[in-house]
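Multiple structures follow.
In what follows, chain A forms one complex with chain B and a second complex with chain C.
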Partner chain A sequence: MTTTGSGERLPPALRTEALEQLLTERGLIDPKVMNGIITEYETNVGPLNGAKVVAKAWTDPEYRRRLLQDGTAAIKELGFSGPQGEHIVVVENTPTTHHVVVCTLCSCYPWPVLGLPPSWYKDPAYRARVVKEPRTVLSEMGLDLDDDVQITVHDSTSEVRWLVLPERPAGTEHLTEEELVSLVTRDAMVGVAKVAAP
Partner chain B sequence: MDGIADMGGTPGWGPVHSPRRDEPVFAEPWQRRAFALAILSSRVASGGINVDAFRHALERLDRVAYLDDGYYGRWLNAGELMLTDSAILAPGAIDARARNLRGEHVEEPPIPAPAVPDYAPTAVGSLRSMDTAPAFAVGECVRARDVSVPGHTRLPRYVRGHTGVVQDIRPASVLPDTNAHFLGENPQHVYSVRFDSRELWGADADPFALTVEMYESYLETTS
Partner chain C sequence: MTAPLDIEGPAAPPRSNGELVFSEPWESRAFGMAVSLYEAGAFTWPQFQAALIARIAAWEATPARDEPYPYYRLWLAALEDVLVGLCAVSTDEVTARAQALAQRPPGHDHRDDPGHEHHHARDRSQS
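Right after this comes the complex of A and B.
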């Protein structure tokens, strides 16, 4: 597929340009639609959406309850929905239980709240190993969990998407919801990191 | 199907990559275009949005096409595969154009007669409502079928033949195994099934739990 008769693999950048030209010149794709998709996922949709969900759950107990009961609906309250977010389940990390998310079969990821997945999430090593030795994998990624913490790994094999509600760090009681948003990281919302206090 | 994409538990990948907080969405400019082109190619080739057909194209790639140009390289290759399946593009059309773009003079293959599937989703997205009751209940012991499926499936190899417990019943959803091949939506109930690590990986495994979403036909009763 990436090889030609000569056996040479052509650079993906060049092949991408070729495909764009072939489809555009036949009117099969609209460059405006294409640029719209790029802007949407490079600029508009990203982990900031998820951080707003988490910060609201940390500061509004009633919202937190709704979020854990029906993630999709509670997330939609903040205006976030769309492809790869048809049914989002939110799970809460605590001092004794830790959730971490993967897609072993491709790289399914909750786009409306986290945007497109980071490179480590798509990496074969993560996809292959986190379902077999999560504690070791998390440790390699800089998260050492105590032995008594119960780990649950969620493999996203259907259209269900998972979002982790991380623990609110100690010492942040005085911060506003807006200030908390800036603390929440993408990695904590997948479950490979904790949120650190400022 | 059993292919390179079914990675859960497979050995030999080395250490994981540490997260970088400032990582850009697209590391290289071509990747953003490959991302959008793959989405649009999949739509053009399917005559509609069919994420299952796209995932099946990804899993049919060989090791080189799947791995060597990374995630967006594999999206580009899956888009190409779907376009050649539907005879929107001839095999080799992209490479021939790519060579001409860099100044070679190669003959490009003629445009074939398109053979786009007759595909009409009954609703937007993958979730569907069903009249029939779920066959399995929360708390019930179930076994993942130990089958090797030649076509598309979302039943990972590492859970096949293993026993778990139904943790939740999720919204019913289009069955990827048939929809990916444009053979009908056949919606099924979907279950989050919880497995113990020692059931999957043996008595010496690190203790943890794992949930996998399973379409109803992937499961059988243990009683």
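Right after this comes the complex of A and C.
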């Protein structure tokens, strides 16, 4: 155990490099494939994907229906799929119902539509508190909801990854789907913010 | 990150309130390893997730936590847990290799920046 203890205190960069070397030598990983995966998540997979899904749902009632019925399939229609996207359930915010997403045990998050989670989503404080006092936590994050708005907190501990379909802001009826995409934020799709009109 | 980053353009990394996806290159390597191994079928995601949950729970149960939440350190530990469980590597092997890497003389650290190859790959893709 002494070895393990001191070993775990080595800088994580060194342990990571050591592990990568050993796995490469054993043919368990291919650094080229791995580089491709990292580049993909650093540059391509992000909330823009989810914003496209939301804007389409706002402008295409038939797509919205499919999205709420089978999130994974409707999201795949736009070409977004992959790890952590196998079972995405979409919930719709309305003037009277507000949905917010958390992973209480770790960091489950719908990667194909939102990319990797931000720090606050992984933070122990958010994970513990948003379940117990969602209204307070949302208010601290800048979202004040009226007392008569019902808040539902969705915990992504099972296989399910949740995506919030935010309310389309008033006064955006004249905007095109493309213009709407740029309004949709990651925070709105997690449910800790609303989409603001431009 | 040592490579110049495209901040605003189409190749800009996804940011959240100015926050990069990975704060240090090794975090991206630890992330990439887990996803590569999962995609190659080395383990299922629920297996990895259970190990991650256990590491997070253990850290949260530690009484005096004065360090910032070390998410990717726990991620890396969980990955090691799973791989040790599969007998793909042993903890002592990883420790020994890491200690050997720590002995490299300064200047002989071409491979020290684990993002090195990766950034070249990105540079090429942009040209």
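Assume the second predicted complex is superposed on the first by the 186 of 198 C-alpha atoms of A that agree within 3 Å, B and C clash if a C-alpha of one lies under 4 Å from a C-alpha of the other, contacts with A are read in each partner's own complex, and residues count from 1 in each chain.
As a working rule, a contact is a pair of C-beta atoms (placed from the backbone, for glycine too) under 8 Å apart; a residue touches a chain by one contact, two chains touch by 3 or more.
What you see is a predicted model; the values in this text were computed from it and never measured.
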Will chain C clash with chain B on chain A after the two structures are superposed, or do they fit?
-> clash
Kindly classify A:P134 by the partners it touches after superposition: chain B alone (first), chain C alone (second), both, or neither?
-> first
Please indicate which partner A:I37 is in contact with in the superposed arrangement: first for chain B, second for chain C, both, or neither.
-> both
Using the touch definition from the top, say if A:V192 reaches chain B (first), chain C (second), both or neither.
-> first
With the two complexes superposed on chain A, say which partner A:L145 touches: chain B (first), chain C (second), both, or neither.
-> neither
Could you say whether A:H154 touches chain B, chain C, both of them, or neither, answering first, second, both or neither?
-> first
Answer with first, second, both or neither: which of chain B and chain C does A:L116 touch in the superposed model?
-> both
Which chain makes contact with more of the residues of chain A, chain B or else chain C?
-> B
Intersection of the chain A residues that touch chain B with those that touch chain C = 3-4, 10, 12-23, 26, 28-29, 33-35, 37-38, 41-42, 46, 105-107, 115-116, 118-119, 122-124, 159, 186
The answer for chain B against chain A in the complex is residues 5-11, 13-21, 23, 25-30, 32-37, 39-41, 44, 55, 58-59, 61-62, 64-65, 67-73, 76-77, 79-81, 88-89, 92-99, 101-102, 111, 125-127, 154-156, 158, 168, 170-171, 173, 190, 192, 194, 197, 200-201, 205-206, 208-215
Would you pull the chain A residues touching chain B in the complex into a rising list?
-> 1-5, 9-10, 12-23, 26, 28-29, 33-35, 37-38, 41-42, 46, 86-87, 89, 104-107, 115-116, 118-120, 122-137, 140-142, 150-160, 185-187, 192-193
Residues of chain A that touch chain C when the two form their complex | 3-4, 6-8, 10-23, 26, 28-31, 33-39, 41-43, 45-48, 83-84, 105-108, 115-116, 118-119, 122-124, 159, 186
Touching chain A in the complex: which residues of chain C?
-> 11-14, 16-17, 19, 21-22, 24-26, 28-33, 35-40, 42, 45-46, 49, 52-53, 56-57, 60, 69, 71-73, 76-77, 79-80, 83, 88-89, 91-95, 97-102, 111-112, 114, 117-118, 121-122, 125
